[in-house]
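Naming follows writing order (A, B, C and D), and every chain is counted from residue 1.
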Amino acid sequence: MQIGMVGLGKMGGKMAERLRRGGHDVVGYDRDPAVSDVSSLEELAERLQAPRAVWVMVPSGEPTRATIEALAGVLSPGDLIVDGGNSHYVDDQRHGAELSAKGIGFVDCGVSGGVWGLENGYALMVGGEPAEVERVMPIFQTLKPEGEDGFVHAGSIGAGHFAKMVHNGIEYGMMQAFAEGWELLEASDIVKDVPGAFKSWRQGTVIRSWLLDLMVRALEEDPDLERLEGYAQDSGEGRWTVKAAVDLAVPLPVITAALYARFASRQDDSPAMKVVAALRNQFGGHAVTSRAGSVEKGADSPGADVAPPPEATG
Amino acid sequence: MQIGMVGLGKMGGKMAERLRRGGHDVVGYDRDPAVSDVSSLEELAERLQAPRAVWVMVPSGEPTRATIEALAGVLSPGDLIVDGGNSHYVDDQRHGAELSAKGIGFVDCGVSGGVWGLENGYALMVGGEPAEVERVMPIFQTLKPEGEDGFVHAGSIGAGHFAKMVHNGIEYGMMQAFAEGWELLEASDIVKDVPGAFKSWRQGTVIRSWLLDLMVRALEEDPDLERLEGYAQDSGEGRWTVKAAVDLAVPLPVITAALYARFASRQDDSPAMKVVAALRNQFGGHAVTSRAGSVEKGADSPGADVAPPPEATG
Amino acid sequence: MQIGMVGLGKMGGKMAERLRRGGHDVVGYDRDPAVSDVSSLEELAERLQAPRAVWVMVPSGEPTRATIEALAGVLSPGDLIVDGGNSHYVDDQRHGAELSAKGIGFVDCGVSGGVWGLENGYALMVGGEPAEVERVMPIFQTLKPEGEDGFVHAGSIGAGHFAKMVHNGIEYGMMQAFAEGWELLEASDIVKDVPGAFKSWRQGTVIRSWLLDLMVRALEEDPDLERLEGYAQDSGEGRWTVKAAVDLAVPLPVITAALYARFASRQDDSPAMKVVAALRNQFGGHAVTSRAGSVEKGADSPGADVAPPPEATG
Amino acid sequence: MQIGMVGLGKMGGKMAERLRRGGHDVVGYDRDPAVSDVSSLEELAERLQAPRAVWVMVPSGEPTRATIEALAGVLSPGDLIVDGGNSHYVDDQRHGAELSAKGIGFVDCGVSGGVWGLENGYALMVGGEPAEVERVMPIFQTLKPEGEDGFVHAGSIGAGHFAKMVHNGIEYGMMQAFAEGWELLEASDIVKDVPGAFKSWRQGTVIRSWLLDLMVRALEEDPDLERLEGYAQDSGEGRWTVKAAVDLAVPLPVITAALYARFASRQDDSPAMKVVAALRNQFGGHAVTSRAGSVEKGADSPGADVAPPPEATG
C-alpha cells in the first residue's frame, strides 16, 4: 500500500527501506533534502492518494507534537496518522482527541528493534480503534518479524506506547540484573573466567536471552569492559514507567532501582553522600574526604589513636 | 566412563538417565532401595573401579555435608568427588580442603536446567583443579547441552557454585522485572490484551528470553494468573548472592529488591507496616486499620469533618 | 490582624483557635453551619475589611482548586489568599498565575504539626513574593512554635509546598527505617525487650527524634503492635516527591522504597509475586501455593523424592 | 567501684574519664605507655582486686578477639569481662561460651554517643546474665546519660550488640533519608533557602531529631557542602544488619538502600553501569562515553541524523 513516512533518520530510514523491500509505495519526507522524496509536508500530502496514511517517526515530545500539528494542517478528514516514535501514552491520548476533532484517524505504535530491525523486523505494539489499525495492517505485517509474534494490538489509543513503555521498564530491570551479576563476579577473585561464565550461560540456563547474547558479544570485544565508562543515559520511558507506577500505586522496586542506578551513574559526585559524610563528621568525628584531598583524622582513621578505638557509631 | 551417582531424586535420577543414554556406566545410590543400584555407599565404592569418580546430587547444606563425609570414609586416595548440588561456595572450599587431606579430589559443579535438562542438557559451571576437571570431562560433555555453550570451567574450587549463585541472582532480578511489568500492565486499564503483549515481545524485542517464553506459557494456561497466590520461596542462592555482595561492598539494588519481594510475599502481614501505621496514628490521628476490622476516624477519613481538612502530614 | 479561614475541620479549626488565642480576628467559613461564622464565601468577603487576607485550609486537589476559584469570584484586587493545605507545588504555580491576573496575591504555606499544633505551634514553610509574605507575617508568627525555628520563607510561589513535600519524603524514609529496625528485632529471638530497646534509644543515641518518642509511646500502648494491621496509606506527598525526583534525575532509593512499602501493604496479594510463582513453576516444577490451598509437589517439596534433590535453580 | 579499662583511645579514654569523674577507680591499659596506667595485662590483673571487672574498648574483630583471649589468660574464675566495642553479636556468643568454660563472666555492651558522650553520657545496650549485668550496674549508671533512658538490658549475651547493630541500621536509613531530601531540594530551583528549610524543620515538624540538628550545624558551617566529597565509609554494623535480615528473611529495603548508597559512593566508576552502557551500545547504537573521552555517534546523538529518530529502545 501507499504510505508517507515523516522522519528518515536511523530508524525511519531503515523502516522505509524495509517497507519498500516489501513492495509498499513509500513517500518519505525529511528536513534533509538529500534523503527526502518531497520538499514539504504540503507536497507529501499532494503526493499521497486519499484516504492517506502517514507514519511519523521523529523524536518524542516537541518534535512529534509539532509534526502531528503540521500534518493536521495539510491532511484531510478520513486520513490517518501513525505515531511510531517513543511518545508518552498521555500525549497519544491528546493527539488522538485533537485529530479526531478534525476527522483524522490516529494509531500509536511502539517500535522495538533498533539497528537490527531492518533485517530481522521490528516488534510492534499498537493502540487505536480496530478499523484504523486494520487500515495499516499491511504496513505492520511487513515491518514485523516473520513468525507469529512481534505484533500486538494492545488496546485503544495509547495502549501501544504504554506496552512499549512497560517493555522498556522490564528491559531496564533485566539489564541491571546482568550488570549487578557481572560486577559481583568481577569483585570476587573466585571466578577467573567471567566472560566464559557468561558465554556458558547461553545454553541450558534460566537466564538465556538476547541481552545475554549481547553481553557475550560485548565481553568478546572488551573482556573487562575497560574501554567504557560506567555512565548510562535513560531514554525517558524508564521515567514514565516509574511515574505511571506511582500514579497507580504499584510497587516497582527493581525497575526503579535500575533507573536510579542510571541517574547516579551520571553524577560526578553524589550530593546525597555529601550529607552522609557531613553527618558522620558531625556526630562521630569520622574521617572525611574533603575537596582539598586532605583527610582529617577521625575516629576510624588508622594511626589516629594508639589503640584504635571502635567507632562510636555507624 | 564409569561414575557413581549419589542421590537419584528428581535431578539426580534424570542426570543418571542422560548419562546412561550417553553410554556411561552409572552406578546409582539412593536411600530408597527401589531406585538404588547398591544398598550402601560401601557397596557403591566396591562396585566402582579405582580411581573412582562419584557425583553427589543431594540437597545442599547438611545432607551434602553428611554425604561427602560418609564418602570420604569409603573412598580411597586418588578418587574424586563432584558436588553437583546447590552448595554454598564457602562449603566447597571446606570440603575441598578436607578431602585433599585424604588424597581425594574435589570438583564443584553448579547445575542449571531443571526439569528440562534430561532432553535439552544441563548448563554446568565447574570449579576445581584443571587435572581433576579433566578427569570427569566425559561426564560433563554428556550432561551439557549440544553446542558450544552450556559449560564453563570457571576457576578453582568454589568457582562453579559461585558462578551458579550469581546466575541465580541474575535470574531473581530478571523474574522480578517481568513480574513488575506484568503488575503495571494489569493495574492500568489501558492495555487490554496483556497476554498478547507478552506474546508479541517474543520476537524483535530487547527482552526476548527463555523466561519470557515461560511467561507466555504461564499466561496461556492461566491468563490472569488467578489460580496462583502471590507467594514465592527463595532457594538460598539469592540470599548467598546478597551476602557475598555485602561482604565485597558491591551494591546490588535490583537483585536484593527481588529477594526482599519474595520475603515480603511470605508474610501474612507486614510487621514493618504496623510500625508505620502506629506512627501515623500517633502523629496525625490518621485512620488506622485495626485488627478488629473497625476503622478509627482520622484526619483523612472522609466524613470525619464537615470540610475534610488536609492531612497534617504524610 | 483580621483573617478569613476557609475550612474549619481538624486542622483549620484548631489553627483558627490558635490564632484567636493569639489575639487575631478570625472569620471562619465551613460547609457545616454549626461551626461556621458566616453562611457563604460572599458573606465572608463582606465581613473582612479590604485589603483582605483569606487562609484556605481544605483538602488538596479539587477541593482546594474549587475553593480558590470561588474566592477569586468574591475577592477584590489587592486581596491575598494563603493556601495552607497540602497542595502540589505545580498547582500553586497555576493558582498564583490565575490570581495574579485578577490582582489577587497568593502565598503557599506547607503546614506540619498535626494534632499537636494547637498547643505546640505549627511548622510553616512558605512560598511567595516577599511583600505578600510580609503582609501575613503576624499570622505566621502566631501559628509557628515559640523559638527561632519552625518557619521558613523558602522561595517564590510553590517553594513552601515543595519544601513541605520534601519534608514528608524524608519523614517516609525515617518512619520506614524505624519500622525495619523493629521488624528485625522482633524477628530475631536475641533481643527480649524490644520496647525497652526503643525506649533506651531516647537518650544519648544518634537516632533520638520525635518519631522515636512516638514509637516509644505506641509500644507502651501496644507492646507487640498486635492491635494494628500492617497497612499504611500514603498522603500524596510521597508520590509527588518521587515524581519530582524522577523529573530531576535525582536517585531517591530510600524514600521510594518507603513509598513502595506502603503501596505493597495495601495489596491483599502481590500480583508481581504471582508471576514469580508462575515462572518458578514453569522452569523448576517448584512447589506453588495455589488459590485452592493445595500445594503441588515440586522439586523442593519435602517428601517429593526419596533423596530430596537440590533445586534445579532459584 | 573498681574497673579495668583496656583501650584508651578516643572512646575508651573519654569513658575512663567519665567514670573517674563519677568516683570510680579506673585502671587503664593501652598499648601506648604514655596514656597507660599499667605496662601489661598481667599488671592490670594484679592491680585489680578479685573478683575483677574489665571493660574492653578496642576495635571489633581481631583486636577484640585477641584482647579477650589475652585477658582470659590473666584473669581468674569469678572475674567478668565487658565488651564495650562494636563487636558482632555472633562473636559475643562465642566469647561468652569460651569465657564461661573458664568460669569468667561476660557481658556485651553496645555504646552510642561518639565524641559527645563524655559530657552527655553514653547510650548503653547490654546483653548478659542478669547477675553479671547487675555486678557492673554502677559502671553503667555512671556512663549512661542522666534521666530514665539511655540504658537497656536487652537480653542474654549478644543482645546488647544486636540492639546496637539495629540502632545503627536505623541510623543508616535516617541519614540517607535526610541526604535524599537535601539532594532533591538542591536539584530543584524552587526552594532558594535550603539551609533555612532544614533549620525551620527543627520545631513543630515530624522529622525533628538530633540528626536534623547536626544537619543544620553542618549547613551553617558549609551551606552548600562544597568542602566535602560524596564519599562515605560504612562501619560494619550496617552490613551485619543486612546479613542478619537476609538470614531471618526480613525485608529491609530502606536500610539496605542506605548501605548500598555508601558502597556506590566509594566507587570511582560503577562497574555495573559499564555493563548497561555496553548493552545499550550493542542493541541500540546508543552514544557511549568511552574511556578516551570521545563519544561515538549513536542513535540518540544530536546531529547524527538529519531528523533525529526516536531511540529504538531504552
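Just so it is clear, contacts are C-beta pairs under 8 Å (C-beta built on N, C-alpha and C of every residue); 3 or more make two chains touch, one makes a residue touch a chain.
Nothing here was measured: the structure is a model prediction, and the numbers come from that model.
Visitor: Please identify which of B-C, A-C or B-D repeats the interface of A-D; the criterion is that more than half of the contact pairs agree.
Guide: Selected from B-C, A-C or B-D as the counterpart of A-D: B-C.
Visitor: Distance-wise, how many Å sit between the C-alpha centres of chain A and chain B, to the nearest whole number?
Guide: 30
Visitor: Using Cα averages as centroids, what's the distance between chain B and chain C in whole Å?
Guide: Chain centres of chain B and chain C, defined by C-alpha means, are spaced 40 Å apart.
Visitor: Nearest whole angstrom, what separates the Cα centre of chain C from the Cα centre of chain D?
Guide: Chain centres of chain C and chain D, defined by C-alpha means, are spaced 30 Å apart.
Visitor: Could you list which residues of chain D touch at least two other chains?
Guide: 112-114, 117, 167-168, 171-172, 176, 178, 180, 183, 187, 205-206, 210-211, 234, 249-253, 257, 260-261, 264, 272, 283, 313-314
Visitor: Touch graph of the chains shown: is it line, ring, star, complete or other?
Guide: complete
Visitor: For chain A, which residues count as touching chain C in their complex?
Guide: By the definition above, chain A touches chain C via 205-206, 234, 239, 242-243, 246-247, 249-253, 256-257, 259-261, 263-264, 266, 272, 283, 313-314.
Visitor: Which residues of chain C touch chain B once you look at their complex with the stated criterion?
Guide: By the definition above, chain C touches chain B via 6-13, 30-32, 34-35, 57-60, 63, 84-86, 111-117, 167-168, 171-172, 175-176, 178-180, 182-183, 186-187, 210-211, 214-215, 217-218, 222, 225-235, 237-238, 253, 261-262, 264-265, 267, 269-292, 299-300, 304-314.
Visitor: Of all residues in chain A, which touch chain B in the complex?
Guide: Of all residues in chain A, those touching chain B are 89, 112-114, 117, 120-125, 127, 144-145, 147, 149-156, 158-159, 162-163, 166-174, 176-178, 180-181, 183-185, 187-188, 190-193, 196-197, 199-212, 241, 244-245, 248-255, 257-258, 260-261.
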